[in-house]
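See below for the structure under consideration.
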Amino acid sequence: MTPLLFIEQLLNGLQFGVMLFLMSAGLTLVFGVMGLINLAHGSLYMIGAFAAAAVAAATGSFILALMASLAAAALAGALIELTIIRRLYDRDHLDQVLATFALILIFSEGTRWLFGSFPLFLDVPAALAGPVTLPGGIEYPTYRLTIIVIGFLVAAGMFALINRTRIGIRIRAGEADREMIAALGVDIAKLYTFVFALGAALAGFAGALVGAIQSVQVGMGEPVLILAFVVIVIGGIGSIKGAFVGALLVGLTDTMGRFLLPQVFALFMEPSAAVSIGSALASMLIYILMAGVLVMRPRGLYGVS
Amino acid sequence: MTDTVLRVENLFKSFGALRATNDVSLDLRAGEIHALIGPNGAGKSTLIQQITGHLASDSGRVFLMEEDLAGIGPAGRARRGLGRTFQISSLAMEHTVLQNAVLGALGRRGHAMSFFKPVMKDVALLEAAHSALDQVGLAQHGAVRTADLSHGQRRQLEVAVALTLRPKVFLMDEPMAGLGLEGAQQMIGLLTELRNSAPILLIEHDMDAVFALADRISVLVYGEVIATGTPDEIRVNPEIRRAYLGDDVPL
Amino acid sequence: MSRETYLNIATLAVLAGVPLWAWMADEPFTITLATRAVIFALAGVGLNLALGLGGLVSLGHAAFFGIGGYAMGILASHAQSYTPLIEVPFVIEGTKSMIVIWLVAILASALAALAIGVLSLRTSGVYFIMITLAFGQMIYYFAISWPAYGGEDGLSIYLRNDFPGVNTLMPMQFFGLCFAILCLVLVGMNLLQKSAFGLALSAARQNETRVLSVGMEPYKLRLVAFVISGAITGLAGALFADLNRFVSPTMLSWQMSGEIMIFIIIGGVGRLFGPVIGAMIFILLEHVLGGLSEFWHVYLGALLLGIVLFAKGGVIGALAGREKAHD
């Protein structure tokens, strides 16, 4: 194992982490502010990816594709919030799970109907296609590095939004006490739609960014959704900071686990067994991390008890 | 004091900056009704929750029959003999009245890990449940869904469930609140009976009831016990008149 | 007898009657469909104990379903290749005996439920949902990345396993076996609902503080319920794998968890026969709508959404009214 390879894997973990943050930020806000568990968040990720792929195919512009992903996911988010999701705020969690599970079925099959079952491909824009040379002579794909930078920028933007702006104050007030913000004269219904659409846009954006690395296909959202749940359990519900720390932890743990564990096992096992045991264990690593956090802090790292 | 059943020493509990209970000590002796009075928000319910273990204390200790209850959760404390009623009724609302009482009797038995015998045909449990319902005057209402009970009946059911536990101590948080005159009279009668089976720590706002029932009264203000004494001592204590009762209250 | 009881009897009659008719009409495929319904119903009955009676919204029950399936797949594949499962420290052989397979499936899924339950029951609400979903996913990925038993491709066996006195390869006989198990479990579940444990568990669902105040631990009640629930779903998984003579990570997927939950919702949460009616309707929809359109999940989604938003009690709630407090 060379140090260069190690650093490259670290960067990959970071890139995975910031993607997870984009997914988790909206989820955790929706939990925190509206008390809603939304399984269909993965569908919004998928919608963003498909919108980007379709627009990129039509126009050839990656920037337009990204904007389309934001717009399509935010629109879809606002639409389901206005028609369905808002009926669920006062329902129990079981109803929320079922209704949003139903939305997954509808979105997934609807997308399959529109686009077919074959994966679409979204090309990395030419300007970002090659590798860059980082200090120390590390060659790293420009596009992935861009994702990391974008992720950190979005995270900074979210912190600023929550902590510095009027809307942020309202969101935080809504997390603390729903009745209070009503008493403050805030139009809760609009605030909720906004928060939901914002979370949706971030998820759709993440879907588009990842779509250029992996393929764009039906069902791409749910595995990421479940990882975002792991992130939120680790970080604590409702906390943007928790989502950020949790996302980076999960991203790094998963990537480094897959990279290192087979090598560690190879130190005292025959290579083929080491690879199979190492990678099987690596696939479970983040869940073990989650279990560990649960034992120590059942409400997550930054959750309020 | 050999006849002390429940002893509370230096209990503290803060919610953020708010000191809900602040160095509270008191005791409950065999056969007595010890009333805890104080204005709204004084920390009375908080104190009960700390004693029952539903709220973890910041510091301080609770002894039941000289056993330190530190580290024992609410279920363990209930098993050791703390029977309580809640300020806001806390019952299994979809169950019938009788089922709630049987639940209490089951708790008294100490284990619910019986999977195939119909619980509502268990003679011993039913007997305990019926006798408790009888004692509070709900004998006719066993088959009613708890959600369909009136407010007063729910209060009575809470007492009945506590009774099925045969506790060593009753902790009652405003059992008469919202009962109306007749209901309150019934409850007073009931509490007078109950004190023979176990002493009662009673939170109550109705001063007539308190002075009629209590052997001793503690006054809690801003989380602190400012006085403990017999009804006569409390009645004439000028500090209490000023701090809590208000000078113009005719006593 | 209550309306619900009549409905339950009618349900069983249809569930047994349709394959009987199919057997006489020589339509083995219909018998297989009915067997699927019975097995799904069994999985749902398991989840319903945790979900309906205990109020535990577990989105990870596919884990137990799949573990039951793999218990079958692993034991049977070793038996058919005449290789022992392990040789050190002692030899364990595979088996084709359904009874042994069922016991192993029950034990393995109960153990998994115990491990998952111990951790996830420390939390409640959305945390519990997310954590059960996550642990389910963990086992799913483990199955995919563990190459010994087929990984992503799964594991096939050539012949159905054996049960004394039954020709399990005959669809009707295998159906009868599954149906008998379902009936037995339903009888047990009916007793359990009325038992001391059932009373305490459902009280803990309604009001945790109340249960604590009479000296019982909701955590323990829920853990026991979760383990029994996982074990029943695991047994269903073993039967399902035997029906298909195939097990793959799909049985462990989160979609599977969602489907098991759908059976319960369609029929009625917390009702003894809710999952039975729900599974029958699900199979019917899958067959009828699936024949009409490749995209039948859209209709399933719409139906589910309609039930959740407008008809909470499911089919039983609509036909038999509010549940009576049983005593």
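Letters A, B and C mark the chains in the order given here, with residues in each chain numbered from 1 onward.
In the analysis below, contacts are C-beta pairs under 8 Å (C-beta built on N, C-alpha and C of every residue); 3 or more make two chains touch, one makes a residue touch a chain.
Note that the coordinates shown come from a computational prediction; the quantities given were computed from them, not determined experimentally.
Looking at subunit B and subunit C, no chain is in contact with each of them. Comparing chain C-alpha centroids with the centroid of the full set of protein C-alpha atoms picks out C as the closest.
Centre-to-centre, using mean CA coordinates, subunit B is 44 Å away from subunit C.
Put simply, the C-alpha centre of subunit A and that of subunit C have 31 angstrom between them.
With each centre defined as the average position of its C-alpha atoms, the distance from subunit A to subunit B rounds to 49 Å. If you check the complex, the residues on subunit A that touch subunit C are 31, 37, 84, 87, 91, 93-95, 97-99, 101-106, 108-110, 112-113, 222-223, 226, 229-230, 232-233, 237, 276, 279-280, 282-284, 287, 290-291, 294-295, 298-299.
On the side of subunit C, the complex with subunit B involves touching residues 188, 191-192, 194-203, 206-207, 209-217, 221, 224, 325-327. Residues of subunit B touching subunit C in their complex: 52, 54, 73-76, 78-79, 84, 86, 90-96, 98-100, 102-104, 106-108, 110, 112-120, 122, 125, 143, 145, 161, 164-165.
Residues of subunit C touching subunit A in their complex: 51, 57, 59, 119-120, 122-123, 125-127, 129-131, 133-135, 137-138, 141-142, 144-148, 254, 258, 261-262, 265, 269, 295-298, 300-302, 304-305, 307-309, 312.
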